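Listed after this line are the structures, all set down as C-alpha cells.
Each of the two complexes below includes subunit A, the first together with subunit B, the second together with subunit C.
Entry: the complex of A and B
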C-alpha cells in the first residue's frame, strides 16, 4: 500500500516534465515560423517607406533615416501617370474578382446541393470529373483557351478572365459545400416540405442559412484566387488599360527595374484587400474546412 | 443535358443488366439541372482545350497563332522532346522542386498546426500572421523575395556579411547551384500555411476522450500523437499532400517572375518550360506534346487523389 502511495504522486510530475519539453519545442518552433513568415513582410514594409536612394545602400539602413510615404503617394495619386495606371489596375482586379466570386457561388451552390442530396445516375462520375479539374495546370489550357477566346471574341476583355477563373474556384467550392450539405440533416428539409414548402423554398429558407459559413468560405476562396491570378491575365490581356494588378505591376516594374521602394509599396497595396478580407472571415474558412472537407 | 446522358449511357453499356437505368435517369432528370451550369462551364474550359492540345501535339506548327498551316508529323514532337537534354534537366528540376516543396511545407504546416492546437494567449493573432503568406499574391511574394535575395542590396547577403559569414553578399538567384533551393524556400513560405490550415481542421476532429483515455493509460505525449492523433489524420494528410504536390507540380509564377527559368535552365520546371516553348519560341506543337506528357503524369497523381477522396467518401457513407 505504502509503495503505491509513494509512486502515485511521482507520476504526474514526471509526465508534466515530458509534456513541458514538447511544449517548449512547440514554442521555439512557433517563434521560428513567426520569424520566417513575418520578416520578409516587415522588410517589404520598411523598404516601401525608403527613398529610392536609401534602398540602394550597402550595408542597408535597417530603419530608414528619413522615412517617406512618397511611394504610396505616387501610387495613389490619380494625377500622376503611375498612380493612374495603378488605380486602374486595382479597379480592374476588383471588378474581375467580384464578378467571378458572385458567379461561382451561384453555380457552385446548386451543384454541391445536388451532389449531396440527389442520387442520380452518374453522380459519382460527374463529381470526380469536376474535382479532377484541380489536377491540371493553367498552362495546358492556355493555348487552346486563347484560341477559343479569340474565336468567341473575348480576347482582351475581362469576360475571358471571369469565365476561366470560374473553373478554378468551382471544384474546391463544390467539394466544400457538398461536405456542408452532407452535414445538414435531411429531416429539417422534410419537416419544411411537410409544412407545405416546395423543395426550392426549403432550400432557400432552411438549407441556405445553415450553409452560410460554407458559402462565405467559397466566396473568399474564389475572390482570393481571382485577385491573385497571373498567368491567364498575362496571356489574355494586352491592352494596358485592362490589366489586372499582378500583371500590371509586373509590366510596370520590368520597365523600372530599380524602383524597389515603389515595387514594395505596390506589393503591399496589392496584398491589403485579400489579407483584410481573409483575416475578417478566416474563422468561416477554417470552420468550412473542418465541417466540409476533413470530417469523418 | 445531352452530354450528361451520353456519359451515363456509356456507363450503362458497361453495366449489363441495368435496364431500369434509362428510366432511372428520366426519373431524376430534374436533378441534372442543378449540376448543369457547373458541368457546362467545365466542358467549355476543360474538355475542349484537352482535345485541342492532344490534336496539336501531332502537328508541326508555324510560329504565330495562325494555325491553319500546320502539318501532320505523327510522333516526331514526342521523340524530339524525349531525346533532348533540356527535357531531362527540367524533369529533374521539377522532381526536386515538387518533392522538396511538398515535403517541407507539409512537415512545417503540420508541426505548426500541432503547436497551435493548444490554447494560449495570442494564439489567434499568431495563427492569422502565419496564414498571410498563403493569401497574398505569388507575384507580390516573388518580388518581396527577389528583393531579399538581391545580389547587391539584399538583406540576407547583408546579414551574412555583417555576421562575418561571407566576404561579400552571395548571389542566390544568379547562381546555378543555389537558385533552385532559394526558390523552394520562397515556395514553402507561401505554401506551408495551406498545410497548416488543413491539419488544424483535421486536428479538431480527433476525439478528446480518446486522447484523455490514452493519457490515463499512461501514454506519453509522443505515444498519444503517434497512436491516437496521427491515425485519425491519415486521410487529411493524404489529401493535403496530394493537393500540395499537384500545386507544386503546376507552379509557375515564382520561378517565372524571379528567374524566368535561368540561369542556364537551372530553375526551369515543366510549366515554365512549356510556357516558354509556346509563348516565347512559338513552338506550339512541341509545347502541346509536352502538355500531353505532363497530363499523363498528372493522371497518375490524379488516380491517387481520387482514391484518397473516395476513401473519405466511403467513410462518410459508413458513418
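Entry: the complex of A and C
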C-alpha cells in the first residue's frame, strides 16, 4: 500500500512538467510571431510622427524627442501639392476597390449559388477552370493582360484594373460563397417554394439573408485584394492623376530624397480602411471561413 | 381538402428509374403512408407530388387539377420536412406567417391565423423564439404549424419523426394521428419505419426499388402480404421465411426441410402450394403464430434454439430451421437455452406461403 501511495503522485508531476515545457515553447513562439508582425507596424507609426531629420538618425530614436503630426497635416492638406496627390490617389484606390467589390459580389453570388444548387453539363469542368486561375502566380498574366488591355484600349483607365482584379478575385470569392450555399439545407428553399415563393423569391427572402456572412467575407476579400494590389496598377497606369495608393506612394516619395516620415504616414493611412473594415466585419469573416467545420 | 391521384408516375435520372409506374389514389381525408427501405423511391414520389422535381412521365392529380406543370406554390400543398426546414433567421411567429405573407393575406388575418395555429399546437409562448432556441419536439411542432396555418388541400410529410428521440417520436406519432383525425386532412406521409406506417395510416403503400408493391390498409398488408419483401418488411420482429421443398405423398402435400423433417399441409395450404411454379416453396410465419414445444408433438418440426432475448413481457427465441432463422415469441416463464433442441408448431390458418422462384404469395387456385 505505502509503495503505491508514494509512486502514484510522482507521475502526474512529471507529466505536467512535460506539458508545461511544450506550453512555454508555444508561448515563446507566439510572442516571437507577435513581435515579428507587430514591430514593423509600430515602427511605421513611430517613424510617421518623427521629423525628417530624426527619422534618419543612428542610433535610432526609439521614441521621437519631438513627436509631430506634420506629415499627416501635409498629406491631408488639399492646398499643398503633396496633399492633392495623396488625396487623389486615395480616392482612386477607393474607387477601384469599391467598384471591384460591388461587381465581384454581383457576379459571385449567383455564380456560387448555381455551382452549389444546379447540376448542369460542364459544371465540374467550369468549377475547376474557375480555380485553375489561382494555381498560377499573378505575374505570369502581366504581359498578356497588358497586351490585351492595350488591344481593347483600356490601358491607362481604371477599368483595366477593375477587370483584372475581378478575374483574380472572383475564383476565391465564388469558391468561398459556394461553400456557404452548400451548407444551407436545400429543404429551406423547397419549404419556401411550397409556402408560396417563386424560386427567385426563395433565394432572395430565405437564402440571401442566411448567406450574409459569406457575402460580407467575399466583399472584404475583394476589397482588400484590390486595395493592396501593386504590380498591375504599376503596369497598367502611367498618368499621375490615375495612380492608386500603392503605386502613388512609391512614385511620389522616391523622386527626390525620400521623406521617410511622410512615406510612413501615407502607409499608415493606407492601412486604415482595411483595418477598420476588417475589425468591423471580422466576426463574419471568421464565420465564413469556418462555416461547415462544425455541426451546428 | 382534396384527393390525390398518381397515374403511371415515372421518374428517371439518366438511366436510373427512381420511380417506376406508380399508380395510386389517396381519397379525400385519407392518411396514406409511403413506406419502404432507403432508396425505394418514396421520398422521390413525395417530391414529385410537391412539384420540387419534374415528372418524367405520368400524371399527378390534386383535387380535380392535373398539376404536373404547376409550381409547388400553385399546388395548394403544405410539406413537413425531416429536418423541419424552419427558417433559421425568422422567429416562430414569422415562420408561421411566411406562407400567409407569400399569399398576400391582410396583416390582421395573418395575425389571427398564426395565433390560432399556435393555440392549437400549444406553442403560444414560443412565438417570439428563434428555431435554434427550441427543442427538437418544439421545432417539429412549429413545422406542423407552418403546414397547418395555410389550410392546404394536401399535407405532405417527409419522415417528420426521424430526427426525434424514441420517446418523443411515440408522443408525436399520436399527435400527428390526432391532428389528422381533427382536421380530416389528406396526408401523404413518407417513412422508412413500418411501425409508424402501421400505427398511423389508413392505407399504406409499400415501395421497393422504385416499384409500388402493395397498396392497402395496414391490416390487409399485414395479413396478406403480396410477396416476400412486403412480408419481411412489415411487422416487427420480421416475419420468418423458411425455404422448403414441396412434394406430394399419398395424396397429401408435405413441405420438407433441409434437416429431412416434413410438415403436412392443410387442404387449403396444399391448394396454394399446387399453384407454385416449382417445388421450391417459402414458408412464412409471424412470431406469434408459432408455438414452441420442449418435446415432439404431432404436427411440429424439430429446430435448434439459437438466441434467447427476454424483453420483460415476452421472450423472443430465435431458432435455426432449414438454414433460416425463425423468430418465436414465448411467455417469459418458459425457459429455453441456446442450442437446446426444440419443436415448432405452425398455425396453418395463419401461415404464409410464397413461390420460391417468383417470391410472390401463393394463392389457392
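Structural remarks
Here is the rule we use: the second predicted complex is superposed on the first by the 266 of 296 C-alpha atoms of A that agree within 3 Å, B and C clash if a C-alpha of one lies under 4 Å from a C-alpha of the other, contacts with A are read in each partner's own complex, and residues count from 1 in each chain.
Basically, a residue touches a chain if its C-beta (ideal position, glycine included) is under 8 Å from a C-beta of that chain, and two chains touch if they have at least 3 such contacts.
Keep in mind that what you see is a predicted model, and the values were worked out from it rather than measured.
On the shared subunit subunit A, the superposed partners subunit B and subunit C are arranged side by side without overlap. Applying the stated contact rule after C-alpha superposition, one finds that A:208 touches neither subunit B nor subunit C. In the superposition on chain A, A:198 makes contact with subunit C only, not with subunit B.
By the touch criterion stated above, A:231 is placed in contact with subunit B alone, subunit C being left untouched. Residue contacts after overlaying the shared chain place A:271 against subunit B, while subunit C stays out of touching range. In the superposed model, A:280 lies in contact with neither subunit B nor subunit C. Remark: in the superposition on chain A the angle formed at subunit A by the CA centres of subunit B and subunit C amounts to 90 degrees, rounded in steps of 10. Contact comparison for subunit A: of subunit B and subunit C, B touches the greater number of residues. Shortest separation of subunit B and subunit C in the overlay equals 7 Å (C-alpha atoms, whole Å).
Contacts of subunit A with subunit B, set against its contacts with subunit C after fitting on chain A, share not one residue. If you check the complex, the residues on subunit C that touch subunit A are 50-52, 71-73, 75, 77-79, 81-83, 85, 87-89, 98-99, 102-103, 146, 150.
In the complex of the two chains, the subunit B residues touching subunit A come out as 4, 7-8, 11, 21, 24-25, 28, 31-35, 37-39, 41-42, 44-46, 48-53, 56, 65, 67, 108, 111-112, 114-116, 118, 126, 128-133, 135-140, 143-145, 147-148, 150, 152-153, 155, 158, 161-162, 169, 189, 192, 197-198, 200-202, 204-205, 218, 220-222, 232, 235-236, 239, 243, 246, 249-250, 252-253, 257, 271, 274-275, 278-279, 284, 287-288, 291, 294-295, 298-299, 301-302, 305-306, 309-310, 313, 315-316, 319.
Of all the residues in subunit A, the ones that touch subunit B in their complex are 11, 15, 18-19, 22-23, 26-27, 29-30, 33-34, 36-38, 40-41, 43-44, 47, 55-60, 106-108, 110-111, 113-115, 118-122, 124-126, 128-148, 150, 163-164, 166-167, 170, 174, 182, 224, 227-228, 230-231, 235, 245-246, 249-250, 253, 260, 263-264, 267-268, 270-271, 274-275, 278-279, 282, 285-286, 289-290, 293-296. Touching subunit C in their complex are the following residues of subunit A: 185, 187-188, 190-198, 201, 206, 209-210.
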